[in-house]
Amino acid sequence: MTALPDAAEITGPTPGQQLRKRMFGHQGFMIGAVFLVLLVLVAIFAPVLAPHDPYAQSLGDRMLRPVFMDGTWDHPLGTDHLGRDYLSRLIYGARISLLIGAVAALISGLIGTALGVAAGYFGGRVDAVVTFLINVRLAMPVVLVALAVVAILGGSLNVVIGVLGLLLWDRFAVVMRASTLQIRGREFVAAARAIGCSTPRILLSEILPNIFNNLIVVVTLEMAHAILLEAALSFLGLGVQPPNPSWGLMVSEGKNMMLFEPWLVLIPGAVLFVLVLAINLMGDGLRDVTAPENRN
Amino acid sequence: DKASDTLRVAFTKELESVDSYFNSAREGVVLQRAIWDGLLYSDPATGEYKGNLATEWEWVDDTTLELKLREGVKFHDGSDFTADDVVYTVNFVADEANGVVTQRNVNWMDHAEKVDDYTVRIVTKEPFPAAIEYLSGPVSMYPSDYYEEVGPSGMGLEPVGTGPYKAVSVEPGKHFVLERNEDYFDGPKGQPAIAKIDVRTIPDVNTQMAEIFSGQLDLIWQVPSDQAERMAEMGQFTVANESTMRVGYLAMDAAGRSDPENPFTKLEVRQAVNHAIDRETIVNELLKGKSTPIHTACFPSQFGCVQDVTEYEYDPEKAKELLAEAGYPDGFTTEFYAYRDREYAEAIASYLNAVGIETDFKMLQYSALRDLNMKGEVPISFQTWGSFSINDASAMVSQFFKHGELDDARDDEVLAELDIADSSIDPETRIEHYGIALQRIADQAYWAPLFSYNTNYVFTKEVAYTPTPDEVLRFHTAAWN
Amino acid sequence: MTEDPILSVRGLTLEIPTAGGMLHAVRGIDFDLNRGETLCIVGESGSGKSLTSLALMSLLGTKIQRSATRMDFDGTDLLKASRKQLRHLRGARMSMIFQEPMTSLNPAYTIGDQLAETLLLHRKVSRAQARARAVELLEKVGITAAESRLSQFPHQLSGGLRQRVMIAMALMCEPELIIADEPTTALDVTIQAQILRLLVDLQREMNMAMILITHDLGVVARVADKVAVMYAGELVETGPAEAIFRQPAHPYTRGLINCIPVPGRTQRGARLGTIPGIVPSLVGDVTGCPFRGRCDQAVEACASAIPLHQLDGGAHELRCVHPDGYRHSQEVPA
Amino acid sequence: MTDNPVLELKNVSKTYTVKQGLFGKPRPLRAINDVSLKLGRGEVLGLVGESGCGKSTLAKILLGLEAPTEGQVLVDGQTLAGQDRIALSRRIQPIFQDPYSSLNPRKSIEDIVSLPLRVHQIGDSASRQKKVREMLDIVGLPVRVARSYPNQMSGGQRQRVAIARALIMNPEIVICDEPTSALDVSVQSQILNLLGDLRQEFGLTYLFISHNLAVVEHLATRVAVMYLGRIVEEAGVARLFEEARHPYSRALLESVLTPDPGLGVPDTQLGAAYPNPISPPSGCAFHPRCAKVMPHCSQIAPTPIATPDGHVECHLYDDTPARAAS
Amino acid sequence: MLRFILKRLGLALLVALTVSFISFSLLFLAGDPAIAIAGESANAEDIQSIRELYGFDRPMLVQYADWLWNALRFDFGQSYYFKLPVADLIAERLSVTMTLGVCGILFALFTAVPLGVIAAIRPNSLIDRIALFLSVAGQAMPSFWFGLILIVIFAIQLGWLPASGASSWQHFIMPTVVLGYYAMPAIMRLTRAGMLEVLSADYIRTARAKGAPEGRVLFKHALRNAIIPVVSLAAVQMGFMLGGSIVVESIFALHGAGYLAWESIGRNDLPTVQALILVFALFYIVFTFLADVLNAWLDPRMRSS
């Protein structure tokens, strides 16, 4: 009947394709992603890549210098204060940082997203309560509270992950709340309700896919945040415990000889910096490519 | 520096209170020796006891010590030192209700009595042979009127004593300035040479070193061995090393308090632990200096610390065999606690790992670990004990093996021997019974004694100082070159 | 019409580099505007109307490349004018009113400050004089209690009032040319009529030239002296309003006029005229008539260069292969 | 007038509480004020009025997206509140104003159009797919768009998708909230034609909201004029356009700018004072802008006066208050 | 406006109360404070008597109410460790932390805002890219590591600056940089984003159409609007910074509140830790409160509502 001769060709890319194209075209994102993938591979294949047992001490070979400081190839990055191979410890350390970053971001992501989406969607009292919770959380000094809790419970990987996971949900809540608020006002949500969709269905299949990009951005940023915080806690001695090769712990251990063997501090700090930088670059890139002004 | 006649020193720890009865820190002892005097004095080199605020002393009976006081001594606030001050001080600190934190140093005293203005008697609760040692160490004399007025917190902020230095400025935990006491009596400590001592708390060793490099400090101490070694190599500083009475050891839950089934209830396991650790290497590579491997549950120089006990040489194979014998052919996993010297603790844990004892490493603050310890929830831990520099075995072995809450062995036999040794006046009897107890401890491998500590003092070439083995920095013996 | 036009534009071309290639947003626009005359530029969304107006004010972003063979404002060559010269023109001799009354005023400053600023920037007057002038103009644009409005902030005014303030601001220095980019699109129909009427009255009174941009043919018909129909960056038809509405020549113009329901004229419920299809992409090379894909009069020749025809003896111009806008039987449909 | 209305509003009011500023005091805002309306089967009721007068709020109430604060909504004589919302959503479907925000950008066209079927669990996936294709064809979209996403389509195409989604459940009533005001005129005419065709083919009933009187005139059978939450005049379309009674309706009509060169811009004679819905004027809410204002207009609120084919609410047509005042 | 302030104040108090309760109950679980008080050589009876003396054997809520009541009168109890009133202890140390915090935020603002403005004026230019990279890199730099590197370079290698202490302004240079750089990226981005958004706003076009010179457009019309959110962020960052001073103070041996907090955690000095958490939280709350008020005042839309 009204079949119009519609000249418009539907040739444009789908949102997914567009996103991928922008991602691959984004310099910062790609640099970050490549580094991150490399580090993840290093973490996965640590047993294969590490030249030595990261825990094997040899008190006779303490603080051997790395190869670029007249060391030998036997210990390319030298050894630490207990004669353990620095390179191997760094490689295994990637596992700790990545694990902590990922799990802490996951936990806080779940908490923050649930709170934020609920606040944004339901508004009113729920929103008031969540906003209040966010305010309370923001008012608590993170480092201090984390230190205190770790001191109480004793430092271990699980405790550190748990504490960080329970402390870092604020940004998720804030961002998810704002995104949900924005999406909730769109007419397709009203349309879905008018069609008769249930609330869970609207939340899960109409709202969540639309705020997922923002969620991913926050996940990466919070992952970086968690990794840095773990390192800081470990540096202060109230994080991951020895002999785990946490990079923060390595900086802290190397710190004692900092004036004489600065590489002991520089190397793990630099690796930490690179990892966090990679994740941040990726998160930043994601933020760029998913930013609303880039959307069609 | 020499120009301003001020010795600038760094402390690592924030001192909670300058009042020596209300802190338990090494730094506190240092200030105590500078600001106050004890009744007696023990020569750090020879161990010989000399009169200080008292000039003569004599046991009237098993529990009564009579002392004649030095006349003409004045406190920094100008008041005279008399028997009243001794009586007040002793009675104050001996009263548990007053909450002296270093109870062990004072709780042997019952009270003091004034005989005349310059004669006092100190009455002990039980016969206490180590009394002279304590009176020349941690027990110092306070001005009665002033102390009564300001109490411990006032004393902590504006300390007043008779010592070679007076405190002119106290910022709690941060900064202390001492000035030479120009009216100091001619006692065994001698007259102080340096006019002013400026002590800053700098918690980080690196920062301390940075400051001494840049000429902001003259003397630092407790410098870790690696750094001390490097600083010695630089040639710009004097690095002096002295041993201390601090002993590092592994305490194991032989009594099964954490878990009746725990592996350390088995003798073979404890022996295996003893065999697993290479004390020599740790001492040579990590502690260095005047540290030595230790095999007894006390410091060798302490009275009664006999040395001919069973020794466990480093033998990881033997350790594994013993573990297999005990029913752990593949080893086991245990929580491993420590509260200081993470580096050493880590090295020790690594030795344990090597023979199959996997460690779940837990670094706690001292009080937290002690809390757990008292509740009996610690299977194995790396501990250290400094005996408060008291040169008597009772200060260590009796502290831990008399079924107190920190006793993880709970051996009745040991308890009986120590009871005799602690309260006997006769030196021979004491030595004999300490010997039996220590032998039993070694045989049963209740502990794995590891090594003694040492301290490095680093100071500029302008400074002349000879450290003593009791880990006490004595400002009054320091001088300019 | 013997006097020189106040604004004369020839071959105005605007190009925007984009990720996909060069966007030929505006291609070769010519028009003249005399003093006191109103030109309406009408066209669909995205046809380049706003870009054209910004180009006249030299307010385009740095990214957008402007070129033209001629762009004269009352003797000043806008193409060669220095920044300073332009600054002295803008606000003083040529003013602009924007589409969004809600966002076109700075939320941080009072109405009075913003009105006075224009005058203070261009005339050596005291603050008090500037404010007096502001009150005068506010009253002129029909704002009651003008004095008290001066200390109000934009958010305290309704959309209609804000647009009046914008108009007052544009008139502060009695400009010779006023460019209004869809000044009433965001407003309700009743307010739209009021604002338009106000603009037309003021323009007559001050004898200003005006360029009014809109996509509403109703507005065009009621306001314009001259009409320029814009499609995909080109002016496809220009001429006196009367001529354009009585005898629309370009198929696009005709299509537009047929699309809109007119009370009393189109039959209620009957099907309206339509223009099928959508606007072509202007990225990359653009040749021929951009409307040919949607045109029911298209012939093969539409793909090549399009001539400009003069109708009615000159004032009415048509850009189409057909001299009168209609395909004749001998031509082959594309 | 319809005797057997498919949709009826009885004295419906909707009050929002709004805060001014972040922490301002909450004040009531009567978006809809005691509105009664009837909508007969097959009718197109045009609803016009200026921005903020409550048109969309009324649409939301009809769609069950908002509950009225007072009054009842009857569908086929039964109250809306009592009915199952799911069941109701089969009969009333929306088309919104902004085709850019009314489609979920993350879903393919097929997902969007088939959503109502899936929600109501109608048919299996194959039959749904078939139905979607049919629907796309009906609204004039090529079937291949089924796999596309909204961002790949033009505004007009999107609005067609929205129409397809609304019609896939074979609803009786379609609520169109300014369905063309975001579109260019050339596209608007396509959509208007489509809506007209669909109405004839499926016998739909429309509530057609618009601020463009010309569009309303073209499509509607009856027109309701809204001002500040009240329907001030309701009449058959011909009647309204020939002899509007309410001064506001007249001003609206006069404001319509037909493309007639030479006529000039009309003078609507409306005051510029824009009403604030939070503190509406007393008496007749329109009186501050009314050209024919009488002294009592600011004191007494007018009541509906029946007209042959609707009602009007204006003191010009009832002389009781005037008499009472004198 | 007054209404706004009062409501905002009420909210702030409620937040403070909640934080105090959380911190109290958190540390209540921390184990036996009596042991911490008793010290290294205490025996079981000593500890029990201390427990009774300090009232640690009472129910938690009672202890909390007690604590809160005292806290309202600025009495946070005695430090277990120093045996001094916690309030005095903190008051004495706060000056260092506050100095550091103020210097840090000023450093961040004075570097980040100009950088952000320049980056926004020339988006995608070299300066913009450098600024953006600096901000990403800045956020990735562990502050403890950064601090150590600065010490190695400026205190040891070059000998220009003192490594520790707080006795002169030079002492504050490195800690200020380390503390401040962490807040920089966020402020810079917000300034940049705000400026970009404002610069593309219609009213900026209006200002240009008036013939306003570019400098006036940028600073009078744009920055004024873009700076409003930066004020809030700076306040939030300032609050975070005080909490984040722990790391910096411990590296540079500044005896401030952060360092006190770290040490007190280690010493199980609960009254001090509790009070410090509350004090840091209060700082955050006060700063954000002030920022909100300042914002409301800066933003006419809020001022007049």
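A, B, C, D and E are the chain letters, set down in written order, and residue numbers restart from 1 in every chain.
Simple rule for what comes next: a residue touches a chain if its C-beta (ideal position, glycine included) is under 8 Å from a C-beta of that chain, and two chains touch if they have at least 3 such contacts.
Only a predicted model underlies this, so the values are computations on that prediction, with no experimental measurement involved.
Within the contact network of the assembly, the step distance from subunit A to subunit D comes to 1. Shared contact partners of subunit A and subunit C, listed by label: D, E.
Seen from the C-alpha centroid of subunit C, the farthest chain centroid is that of B. In whole angstrom, the spacing between the mean C-alpha positions of subunit B and subunit C is 91. The geometric centre of subunit B is 40 Å away from that of subunit E, both derived from CA atoms. One simple way to say how far apart two chains are is to compare their mean CA positions; for subunit C and subunit D this gives 32 Å.
Measuring from the averaged C-alpha position of subunit B to that of subunit D gives a distance of 88 Å. Along subunit E, residues 31, 151, 156, 250, 265-266, 268, 301 each make contact with two or more other chains. Listed for subunit A are residues 4, 6, 8, 151, 255, 258-259, each touching two or more other chains. In subunit B, the residues that touch at least two other chains are 204, 206, 210, 213, 365, 368. Across the complex, subunit E meets subunit B through its residues 31-32, 35-36, 38-44, 46-47, 50, 79, 81-84, 89, 92, 151, 155-156, 159, 162-165, 250-253, 255, 259, 263, 265-268. Taken together, the subunit B residues at the contact with subunit E in this complex read 14, 16-17, 22, 24, 96, 99, 101-105, 152-153, 156, 171-174, 200-204, 206-207, 210-211, 213-214, 216, 365-368, 370-371, 374, 404-405.
Taken together, the subunit D residues at the contact with subunit C in this complex read 50-51, 154, 156, 184-186, 188-190, 192-193, 196-197, 211-215, 217-219, 237-238, 241, 251-252, 254-268, 270, 272, 274. Residue ranges of subunit B in contact with subunit A, taken from their complex: 204-206, 209-210, 213, 224, 226-227, 230, 278, 281-282, 285-286, 342-343, 345-347, 349-350, 353, 360-365, 368. Contact residues of subunit E toward subunit A in the complex are 11, 14-16, 18-19, 22-23, 26-27, 29-31, 132, 136-137, 139-145, 148-149, 151-152, 156, 236, 239-240, 242-244, 246-247, 250, 258, 261-262, 265-266, 268, 273, 276-277, 280-281, 284-285, 288.
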